Each structure stands twice: as structure tokens, then as C-alpha cells.
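Chain lettering (A, B, C, D, E and F) follows the sequence in which the chains are written, and residue indices restart at 1 in each chain.
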């Protein structure tokens, strides 16, 4: 009836693991307009700070998202530690790096699978997640949880990992690395994938920067920026360089994340090897008073915690700006002009996490 | 490895599936695994510390009736209660709590016998 | 072979003259009531006449009327001259760029004068065989129905277009005059007479396309005239060639001459290609769609353009087995493929119908060019099925247009639900065009068989060309049958006139499908048996086709008597349904109504490029064909 | 921590111009956040350039809850500003893509204002 | 008479065979994905389950179209296995396809409609090759009749290698296998939700599923026809290999777009199919 | 075992969860757990589904969607609430924008605890749901369990 096709994409849509909605306006299958609507996961958890003890907010922060949960809790803890000027034991700092990087590996593998799936490549999805399960095993063995680690706390970490388990972890990652190489090799070298993604979802370097893209999206457009270079936790003491690609399209984002898997495995090794002995937490007493803007690198990019404390056990402001939130404008920019079949992969190319975005 | 996807899938088909045939085959739990909160009610003195520290209000301690109740459907397995209790009554077990058909089945109440130590922990519902 | 039965003797003549009576009456009567009376009577008379004639002569040898009336010859020639002169006169308003049109007409007039000087004579100026009778039936029945339909249509037309000056008397005069000329074409054995009638149809078409007198209509009318003049000239040259070489100008004897008649056959074939809008001449027919819909149905789909393929088909025995024939067949094949592809990107229903018409005419041309008995069988069947179904579709589209103000396929969404009867006839028309077990497909099937026996190339073209037809018909069908999402304005009922035409054609479409073996046995097979010395073509697969049809009917019955029941649920809208019926969804800024537009794939199937490619191929083929015969 | 941070206070009317200045200087918009104060909201705009974080802060009184947009300089700010409208109840003037309160549909209005007590609606 | 036996055998046995093939397909796919997969009878359980669900449709017409799809899929197969006309088989298959598409159009729901459009594009993509295959059979054996083609002493694949390969190519489209599972994928994560079948549910969906089984058997029968003269065991083995290759293809490709589908299918039909026909034609002369 | 439990097709929906439980649902489909062994298919389409696996505490905006999806599933059907959020609202229970569990919005048949819920528990939950589904198919269980939040 109309001159254009108008369809709802989400909130319940099988290629979207999470509820988010796009109004797609199309001519044949070409997208002429894509307007997002958010809010299906907005829980309003920032306001919980007014009710909950700042110590308990760690539990809230790590449940902002079940995929990048550990880094949330680490960012929050570090922010409070900064305000309270708490010196966190070194061993805890290294353990934090280890878990943060494990979280990145599992997140990126999860993403590779979902991206394959968005291309209708079910078997590649299956194999990516098969390998991811191995990472989850390591995570569970070291932290006690599969997706919600629950190990970070203000003043350090909740549990230590013994030497034998660390050794085993190293071995497991040798195996995981080989498997990841195979997955990445298939993904990057597959002709049908190439046919589908080459030149899709272009975001120029200037656009990426101007629209505030972060994380792999930004780095795949040729901008070198990785919050880990700020040196929080033990990152300042490890050797690594941000992964940067210049393709500005979906394959470049695939490549960045693929390479980051190996970078993370490298960081895990370094962290375990350099990890000093000692306590893993310090006792923190009193209430925070002050303000900080904490930035860390999540699998999806720069995460910002803006914390204002007023000396009571309840924070004045617990504000979280997540990487996906920052990547929404670039996404809106990328969609028009693409084909319907490319919508899933373009949306997934920013590795959207709506629960993070909407909190 | 050089064969790309065909190599990968064919090799998979030749090998045993990666599947763990749950429920026939159950992987032993890691000692760190957080499965569910167990309670040794005999040791409890009903100080309510755990209740205070539980971020979800899953624990209800009743000093008068000497009961300690946990709502499995509220517990987020954060171990705050385990850490809070000075008498080490709640512990984190590695097995997970089973699904239930009615919401109220998930309220698990532990009652301390009148004379501590003489009778084992009573448990209503499934733990 | 003269038949002495007095009445039969006269009947063809009567059929040619008969429509002229209502035509002249209609030119003078004013009121709608009077006009209705005349049109109904005229149409019924014409239809009855054609049926009567067919009933008497369908079986049996051709009826040849032998008479020699020099004054009649001269009168016809004079009429032809008058037509040419009138066309020249009409050209006075022409723009500079179209200088070639009057030039062509002058050239054609000159040729005809030359022909006249040579004094053409035909012993049997009128011959009626099964092919003519089939055509006559189409002209009489489908043509009559369309005239009746036009009664209401033109009333509505002028109500919707107050800016167009009301010239209904002229309009109806032209319709009936046109019928007369069509009878003339199909009955004439005298090439000169045929040419004259040919020119009359060109003129009628020109005037009717230009009916609204808008700039666009005027331009398209001239284009139609120009392209048809190319054909007219070629036709004239063919006659001249025959006379010049001292040969007969009687169609039947030429057709029997075999390859000796190749040159005129190719020339007349060429004229046929222009008249039936084959590539590269297709654009005039597209342009003709500006005319009121009955005109599109009558002239530009069911009858006049068929005159083109009729002429080619007449020469099928000449083309049979000859390279030139095969090349002409390839022109048809290329046209079929290209126009089928081009139709994909059309959302204007009339343009889809126009392209599909050209495509199907292309198939008939291909059949004629191949010229084998099976091919001609298929070609004749195609003519019959196409005339009925396409006429029906045009009329249905016109009816919808006058009720919704749009001829866009997208606006037919939910037609079946909002206007059940109209929806059903449209569905009948559409499936009649492309689905087994309906007629067109039966014909296509035979085409494939006939083509592959000669050379697979043409069959391959057909295979490729069928695929897009499947696509564009089904997507149209899909629109019509879909359940409307939002409340759509109810469509007003059809008038009795419209129902008479649309309903009858729908019934005929179904009947043609059921009865095609009879049509084949009584009309087509005898013709072939004579043309090809005893060749027997019997429709194959009748049993299975009947089975399929039976199953279809059964399925419909089952649906009517045991309608499926159950909960009716809202559409799947990704969970975002809104509104009481859940037919809208919640978007970022509030309620949104989903819309589904069919695919037109302009970028993938660019109409312009496809037609250009097809045209170049056709031109090349024609040149080679001409070279092949002149060699 | 190499994460240097500083906060500059500016007038509300200057926000757009200030943003344009940052933009011209090659800074990247990191975030916009709000902190409830007694009579209004403190709005903080953070920018980054080469790992240096620089913030600009302005205050919006509850009595006059309007804020100019900075989308002129940073188009991507529309997400933050819609969020401010929805969660803090400000009216952002000149938003090019205004979700009009539909950015997040909520059970309570302007939940993050100080005048809004905790607890949930309904 | 033998024709009737063949047709009846098809009507009765095809759902059994088709369902088993679907079950084996799922197991093989699972194994390629390092999984165990469902029991081999799973497709039957699925269909029985669907049949016992309550009806819930947007419009009752959907059921009618689904029924006609099944009906004409059966007719197509019956013509084929009854030794009937190959072209008629293809047409009947197309008729079935059109009904399925109409069933997807009927509810006028976004994903269903897009699925219908894509299905039509797929049909447009494979139709030329199917017709060319039929034409090829005629050129090689002088008949369009399946029984005559079947009885032909030399294997068609020898005369028509290109046609055979082209047929395998479009088989991937017809069997809805990756990379051409555009209109309705076997698994959930597709941009079109379930595309074509989005709005079918319960018993109606069961009809569609069974219709697919019939189609599968018919298509494999067509493959068999090309190998028939090599003897039943070789031919059967050939069919098994072909199907296994289809499953493999399903697992080693991402889904491609409709453009690639139409363009590649037509190109393949031209390069492999049409060229083969012309070669046969001119070599014979 | 009736036919219903041999072919459970699921629809998974994220009713405002944190993703933790969702990725565990997805993990169930992947090689390690491979629920297709039980004939489970992730349909992604309410119209094909028998079991609604739903996570999250359901926020204001998602209520409508959850209700829609539930309504679009053909009978017989069951609902499984996965994870602490879905069963009680979990840690987000007190957030201003959440309803606090699936049973605030649609009737729930099986509650599976965990934060995040473990794949094994999900499988057990589905198996339990199949029992309800069978009863419902046989007309032995009421079509709806009463809706309403259970106050702990």
C-alpha cells in the first residue's frame, strides 16, 4: 500500500539477543531509514545507589551486564578506591587484569559466534561457542561463576587463585589459543563471509571520531585509542599495544576483535607470570567522599563511571556511560543505504549490549 | 587448519561430539563454583548480620522463632552472607538449586531445634 | 472451394459491415440510455454474428468467397488513401523531432499508389479459415464485451477527468469502426484489402490513444502512429514486391508457396512485429496505456496487436524450417525475455499488463517463426487464452482504478477481502495468465516442446523468460489476496455493464481452461491438418491437467464447506504490537503502521537497459533475417 | 593513574559555544552526566584528547529546567540529551532527533532528580 | 499401470522417506557442528506435535494455501514417479510453490511478506535451470516422459554433465540450504525471523513441513533420474552423496543475498545448463 | 511421554535481563549442551513456540512485549522464568522501572533460580515445563496459573 516498506525490527527478534527496536523503512530491501528505540532493558539501576550501601553497589554494577560483568565491577571498585585513596594489593591488580582479559576473550568469542550467526553461518556460531565454553570453564574454575564472576570488591578481589589453578589456566589457554586461531582463520578466510561483509558498514575515521565511537569500532576505523593505556589495575606494567585496523568496515571490526582475543590471551599469560605473591584485598573502612570519572576498556570499548560520593554510605551519583551507548550514533549512521540482509551484521558489528546501554 | 570451514566441520564429524550429555553425564563441579547457599542452622545465633548484608533481601532471620529463611528465587549467589556470618553458618555449595513449579516452593526455611545441637537442622521445602 | 450457401457467403461481409451500423449511430446519439441500447444491441449482434459464422464453418474446409468487383477494389483502395491522407493531415501539429512520421506516411502512400497503379487483383478476396474464425470469435465476443464495459467506464472516466472534453460519440464510433476493420483484417485474403483495414486500425488506435488530448496522450498517439506506419510501409512494400514480380497477392496462395514467398512473408512479418509491438517497437504500446482502459483492453491487448501476430502466424508454413523464420522466432523470444524482465520493475498495473502483452505476443511470434505444427498450435492457443485473460485483467484493473483512484498494484492490497467478487475475477485473470493448469501455461508447455525440437536456444529463452513472469504475477496475486492490515476504504460495487463484461470474461477464462481440448480439436487441429498436410496435434497431458483442475476445484469446495476454524491471532510484529487488533506496532515515536511493498528491483532489473539490450538484439536479428531472405 | 582530570565551570548559556570550542580543538565527547544538587542539576560534559579528560560543568536550576543542545558540535550528543530529558526531566532546546520522552519509557517521571524520592512508582 | 503404482508409492512413502531424510540431515548437521543432534525420528515428532497444537492463524486462508501447497507438491511428485511428463512436474512444483508464497502473503505481515518476496526471487532463480534440466532430458532421450527417460539405456549424466551440475546448484536453493536459505531458514537466527513460515503455526505449519518432505523426495528423484542407467545401487549411492554434499554446503557457507542467488543461479544455468544443451544440439547435427 | 514433550520448541525472550541468563540460554543450544538432543529447537518466533523461556525482571516498556509474545503463542504453551531477575526481580527488584519478575506480567509455570542461571538448570527447568505442557495438552492442567507476585 505504501510506497515504502515499513517493518519493526525487534524488540523480539531472533538475531538480536536483546530487546531493541529499529523502525526500518525500506525500498525493496534497501534501508532508507532506521530509527532506533531503546528502553526495553532500562531498569533504572543508577538510582539504586540511593538505597544501597556503596559496597553493595559492586553487586549491582556487575549485573549491569552479564557479558562484561567483571570489568564493570572492576571499574566501579577502582573508582571508589580512587576516591578513597585505597592502595589495592598488587596481586589483586594482576588478578583483575587476568579476569578482565578472560572476560574479553569470552565476550569476543561470543561475538564472533553471534556475528557468524547473523550471517546465517550456524556452524561457525556453534564452533565459536564450543571454544567459548572452554574459556567459561577456566572462568568458573578461577572465579566460581560462568558469566557473573563475582570476584571484585572494593579494596581488592574476593578470592585468590592458587598456583596450581593458575598453571592449569595457562595450559588451558594454550589449547584455547590454538582453537581460536582456527576459528579466526575460518572467519577471516571464508569466501562466503567475505562476500557478505566486505565493504559493509563503512564508518570513516573522521566519522568514527566525531560521532564518539569507542572500542573496536573506533579502532577498526583507524583510531588508536584504548582505555587500558590509562594504566589502571596492572595494565601499566604489562607490555601490549592497542590493535588498530584501517578497513573502517565490518571485516575490520572482525579483525580487531579477533586480534584482541590473542592480545588478551597474551595479557593473561603476562599477568599470571608477573603476578606477585601477597594479599588480595585490603580492609576498607569509612565512606567515600569525592568525585571521579573512571574510564576502563570493556570488550566493547571505553566505559565511563562518574561517581560522586558525599561521605555517606549512599553515593550522590552512580552514573555509567557504557560503550554501546557511545556506539549508537555511529550505528544510526551506518544503517541507511544498506540491505536488509546486512542489518543484522551491521548492528552486531558494534557488538551492541543493550543491558549495558540502558542500565 | 588450511582447509577452512570444510576442514573444521569434517574433522568435527570424524571426532566425538563436544557435547556433554547432560543429564546422563555431569561434569564434577569446581570447588569455586557458586551453586546455592546452604545453611548450618545449628551454629546460627540469629544475629541477622547475614540478613542485613544480603543485597536482595533473600534472607529473613527470625530470632523469636529461631528460623532462618532464604528465598532461592531472590538469591543472586553473591556470597555476601557467607562473608558476613561470623559463625560460618551459610556456605556456598557447588550444586545449583532446582527449578520449582510454584513460586512459594522456593522459600526454604531452616528451624533450629529448641536445644541446640541435639537435633539436626530441620528443613522445609527443598534445599 | 467456393461455398454456395448464400447466407454463409454473405456473412463475412456482413460481419465487416455490421459494426459500422452501431458505429455510425453512436456517432450521432447523445444520451447514455440511447447509447447503451445501441452498444448492447451492436455488441450482441457482433458477438452473435461471429459465433454463428464460427458455428457454421469451424469444422470443414476454408470458406473462400470468389468475386470480382473492381469497384469494390477501388473503393477499398480509395478508403486506404483517405486514411493515409487523414493521418498526414493529423500530422500538422507534429513537433520537429517527429518529422519522420509524416515522411513514413507519405512513403507508404506513395507505395500504395504504385500498388494501385499495378492494379492488384484477387480472385478470392475473402477467405475464412479456422484461424480467421478464432480471431473473429475473439473480436466478436471479447470486443463486444469490452464495448459494453466501456459504457460505464467512460461515464466514470469523464467524472474523474473533468478536464478531458467529452467526446464519447467519437469514442464509441471508433470502437465499433475498429471492430469492423479487425474483421476486415482477419477475413481479407486480398493483401490490399488487408492493408487498408490494417491502416484503419492504426488510425483508430491513434485517435483513441490521443483521446484525452493531453500533451502526453498526443505524443504517445503519434509514436504509435509512427511505429505502425513503419509496419504499414513494410506491408505495402510486400504487396508491391509481389505485384512487381507478377505474383499473387492472395494470402492463402502465398502461404502455400513455401519459401518462394519468403521475401513478402518477412516483410509482412516485419509489419506484424511493429503492430504487435515487438522489440524494438515496444514503446508505442507502453505509451498507448494513457488511453482509457477499454481501449487498452480492446486494441492494445485482445485484438489489434493480435492482428500483428495473426499476420505472422498466417505465414508460419512459409517460415517453417527456414533460417529467416527462426530468426523472426528469436525476435519473439528476445522480446518475451526482455519484456518479461522489464515487467518486474513495474508497479503500475497497466504497464505490467502491457509488458506482459508484448511478451506473450513475442511467444506467438516465436511460434509462428518456428512454424512447426506444434508451434502453430501453441501460437493459436496463446492467442485465444491471452485475449480472454488479458481482456479480463485490463477491465478488472480499470474497474479498480475507477473505484480507488489508483492503478498501482500496491493499492490493490487486500482487494479480495474488501471487494470479494472483484478480487476473485482479478485472481482468475492473473492465474489464467501463468499458472498450471490454466490455459496460458498449457500453451507455454507446448511451446517448450515445439521449440526444443528445433533448436534448444529458443526453449532456453523461454525458460529464462518464464521465471520473471512467475515472479511478477505472483507478487501481484499476493497483494490482491493479502488481508489488509489497516481498514481500507470499501470499494463501490460494479455496474451491470461492467459485470456483464468482467463476469463473462472470467467465466470464459475458466471455460477456456476446461474446454481447451475441444477448442483444440474443433478449431486448431483442423487448421493445422490442412496447413501441414495432415499433421495431427493433440493436446497432451489433458488427463493430468484435468486432474489438477479437479483438485483445485475440490480444494476450493473443501474450503467453502469446511472452512478452517481456530483462534485468529495478531500478526507477528516482533512483539511490538499495539492497538486493539495488534495491527500496528510501537515505534520510537509512537504508533507505526507496518507496510509491505512488493519488490520492484529497479536497480537489478533496470527497465531501460533491458529494453535497450533486447531491442539491439532484435534489430540485429531482423537485419540478419532480411539478409537471409534477400541473399 | 595517568588519567588526568579537571573540571571547568561555565554558564549554561555558554555550553554550546564551549562544546564547539572543544570540537574545534579535536576533542572527543566522552559523556554527559548529571548530578542532583539541592536546587537543580549539575550537568557535566567530559571530553577526551589523547587520554586526557577535561570536563565542563554547568548547573540547571529546577525552576528553569532547560538546557541548550550541543548537537551542533557533537551530533552524537543527542543520545545523552534525550537521556537527560527522560531521566532528569530537562528540556533540551534544539534537539535534532527528539524522542520526546520515548527514549526510555518509564514507570516514573524524571527519576534521577533530587526532588524525586527513591522507591518505584506503581 | 506401473505408473499408477509409482505414483501411489510416492504418495504413501515419500513422507516417510522425506521425514527420515530430514532427520538424518539434522543429525549430520549436528555432527558437523560437533554436536550430537536430535533422534532420527525427530521430524516426525515435530510434525505430530504441530498437528496436535491449537490453530492460531492471522487468516484462515493460510490453511487453505498451505493445503494446496502440500496437494500440488504431492501431485508434482505423483506425476514424476508415475512416469508422467517432466515439464508438467516442474509446472506443478511451481504451482505448489506459488501456493506456499500466497500463504505467506495472505496474512500481510512484514516478515512473512518479505519471506514471500524472497521465496519468489528464489523461484525465479531456479526456474530456468529446472526447465533446462527437463529440456536436457528430452534432448538426450527424445521424450519428456519420466518413464521413457528412466528407461533410457545410457546415463543422462554422461550426455548432460553440465545440466546435472546446474541441477545440483539449484537444488541447494530448492532444499533451502545455506548459502541460499534466504526465504526461510532452518534455524532461528535469521534477519527474517522465520521468513516465509513466520505466520504459519500448528497444524498449518505441519502441512508445510510435510510438503517440504514430498518436495525433497521428488527432487532427489530427479537427481536419481540422471543416474538411473548406472543401476539402482550406484544411482542411489549418487543420490546419497549429493544429499550429503548439500548438507555439507549448508554448513560451510554464510547466507548470501538475493542478488547473488539470482545472479549466480542464472549464470550457472546459462554456463552449465544452456551450453550443455546447445552442445548436445550441435554435436548431434 | 506424550508427543508434546518430544518436540519442545522454544522462544527465548529477554525481558529486561542483564544478558547473563540470556547467553546461558544460547549456550544451551551450542555443542557442549546441545539441547537439540531433546528435540528442542530455538524458533525465534512466538507462533512456532511451545515454551517461552524468559529472563529478566520485565520493565515498564517490556510488559507490553512480553504480553504480546505470550498471546501469540498457540496453545498449549508454558512459560519458564529463568534466573533470579525473572523469578523475583533479583537485585533489580527495587528499581523504579522494573516490575519484579515475569509472573507480574504473564503466568509462569516453572521458576528456575540462579544468577546467572546455569545451562544445566535451564535444561532441568525445560524438562519440568514439559510435564506441565503434557498435562495442558491433555486438558488436565488449567491453562493459566494465577498471575501475581508472591510476597516473600
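By definition in this document, a contact is a pair of C-beta atoms (placed from the backbone, for glycine too) under 8 Å apart; a residue touches a chain by one contact, two chains touch by 3 or more.
This structure is a prediction, so every number in the text was calculated from the model and none was measured.
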Inset, instruction - Count the smallest number of chain-to-chain hops linking chain C with chain D, moving only between touching chains. - result: 1
Inset, instruction - Would you pick out the chains that touch chain C and also touch chain F? - result: A, D, E
Inset, instruction - Decide which interface, A-B or E-F, involves more C-beta pairs in contact, and give its chain pair. - result: E-F
Legend entry - Far-end chain from chain B, centres as C-alpha averages: C
Inset, instruction - Could you pull out the chain whose C-alpha mean position is farthest off from that of chain A? - result: C
Legend entry - chain B-chain E separation of Cα centroids, rounded to whole Å: 51
Inset, instruction - Could you tell me the distance, in whole angstrom, between the mean C-alpha positions of chain B and chain F? - result: 21
Inset, instruction - Could you give the separation in Å between the centres of chain A and chain E, each centre being the mean of its C-alpha atoms? - result: 43
Legend entry - Interchain centroid distance [CA atoms averaged], chain B/chain C, Å: 80
Inset, instruction - Please set out, as single numbers or ranges, the residues of chain E touching at least two other chains. - result: 30, 32-36, 54-56, 110-111, 114, 187-190, 193, 198-199, 201-202, 251-253
Inset, instruction - Find every residue in chain A that makes contact with two or more other chains and list them. - result: 5-8, 11-14, 19, 29, 37, 39, 42, 44, 47, 51, 59-60, 63, 123-127, 130, 133, 145, 148, 190
Inset, instruction - Specify, in ascending order, the residues of chain B that touch 2 or more different other chains. - result: 4-5, 9, 12, 17-19, 21, 55, 76-78
Inset, instruction - By the touch definition up top, name every chain pair that qualifies. - result: A-B, A-C, A-D, A-E, A-F, B-E, B-F, C-D, C-E, C-F, D-F, E-F
Inset, instruction - Write out the stretch or stretches of chain E touching chain C in their complex. - result: 54-61, 63-64, 67-68, 71-72, 75, 79, 84-85, 87-88, 91-92, 94-95, 98, 101-102, 104-114, 116-117, 120-121, 123-125, 127-128, 131-132, 134-135, 138-139, 144, 193, 198-199, 201-202, 259, 262, 266, 269, 273-274, 277-278, 280-281
Legend entry - Interfacial residue positions of chain F with respect to chain E in the complex: 3-4, 6-7, 9, 30-31, 34, 36-39, 41-45, 47-48, 50, 72, 74-76, 137
Inset, instruction - Enumerate the contact residues on chain C facing chain E in the complex. - result: 413-414, 435-436, 441, 445, 448-449, 452, 455-457, 459-460, 462-464, 466-468, 470-471, 474-475, 477-479, 481-485, 540-541, 544-545, 547-548, 551-552, 555, 558-559, 563-574, 594, 596, 598-599, 604
Inset, instruction - Would you pull the chain F residues touching chain B in the complex into a rising list? - result: 31-34, 37, 80, 84, 87-91, 93, 101, 103, 108-115, 118-121, 123-125, 128, 132, 150, 152
Inset, instruction - Would you pull the chain C residues touching chain F in the complex into a rising list? - result: 567, 569-570, 572-573, 575-578, 582, 586
